[in-house]
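Encoded as structure tokens, here's the structure I'll be asking about.
The chains carry the letters A, B, C and D, assigned in the order they are written, with residues numbered from 1 in each.
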């Protein structure tokens, strides 16, 4: 089980700030996670439609599309940060 | 009559912070004033010995060696400023 | 040592600077930068969302990087989160050093990086009742890139 | 508008910044620079002598020059005179602008020029009982010259 957390308009479009999910075995990277999440609801699909506007952190570390997620406890998905 | 005012180590070496003097007719520029002042006492002479370390303001405006002083009300003589 | 903090409540610029300088007689310069919410074009409120598990850690990483670049600089970097109104202070960076050049440079560096790399998302509310999430700005990336 | 002041008494950084920002919602950045007396190598006191008829006028001329270079910057520049102890604040420059770049630049410009062009003379008292007048510094002239 992994905790997914969402921020800003990703959170609003997905419709929740967090969800705990069991990932399918074939979902092993950030890119595969986003592909799989996009199939879960229209909200997920809309939020994740433009991957250039999506950033991901795995266990509080910024991650790329190829970052492995096996063993991750918390994966955050959010827009590019707009700073202070 | 002109008011001479001195600051910092110029003031200390001259021995006063201000004096009111009648200038001789031949003293018409800053350079001539410094030459004449240097004859007035050992303190004046010591204070004005190194002209590269002397700055002058005529009526609160920075002045050069050739600046005319006729009609001046206040002439200030001091070391280069050391700022804040 | 530059300490990062994250809080909803307002900060006290004089108290923060006094705390940094307390008991020191070797510091010749202190720079306090305050970022304020501007009422541009009818903005009525700005909400900063953050990632509790990550935002402060990222801020401290930026602060540690600044402290490593300018070893003689001491400082405090405080960022607020939550809903803020125009005129309110949103970020404070206080730096102190023996000479002013380093204090100015470290404060500017911290601000350039906080503006781009700190994990905040801003939501703007407008006088016409609309709201929108702010997009990341290219000019802020350029300001941060000059330190690379 | 950048206002210059000259005074013997201490200043209040928060009050000065608050006065500058009061009622404004168009300013996004405020920079407060404080210069402090350092206890370098046994300094016990620093006395600033000034020329009452000239010093404030020169400070205001510097402030006006900064205001002309950065028209969107508002500010206050306060310099103290008299005898000051290590750790005491000697100069305060507060600038505010819509964006941080101008506020930082104007504050640095004001400080570089105040350090070189303001008519002050500093007398240092040392732990061994000696005292000396400070000579003008080459590095401060270089800092001011970068704006020419």
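Keep this in mind: a residue touches a chain if its C-beta (ideal position, glycine included) is under 8 Å from a C-beta of that chain, and two chains touch if they have at least 3 such contacts.
As the structure is a computational prediction, the values presented were derived from the model and not from experiment.
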Co-neighbours of chain D and chain B - touch as defined: none
Cα-centroid distance, chain A relative to chain B, in whole angstrom: 77
Intercentroid distance (Cα basis), chain C paired with chain A, Å: 27
Computed distance of Cα centres, chain D from chain C, in Å: 24
Chain B and chain C: spacing of chain centres that average the CA atoms, whole Å: 51
Of all residues in chain C, the ones touching two or more other chains: 35
Per-residue multi-chain contacts in chain B, two or more chains: none
Pairs of chains in contact (touch as defined earlier), listed by label: A-C, B-D, C-D
Residue numbers on chain C that touch chain D, as the complex places them: 12-14, 17, 21, 24-40, 86-87, 98, 100-101, 103-104, 107-108, 111, 143
Of chain C, residues touching chain A in the complex: 35, 48-49, 51, 53-54, 57, 79, 90-91, 114-123, 133-137, 140
Complex interface listing, chain A residues touching chain C: 5, 7-9, 57, 60, 74, 76, 78-84
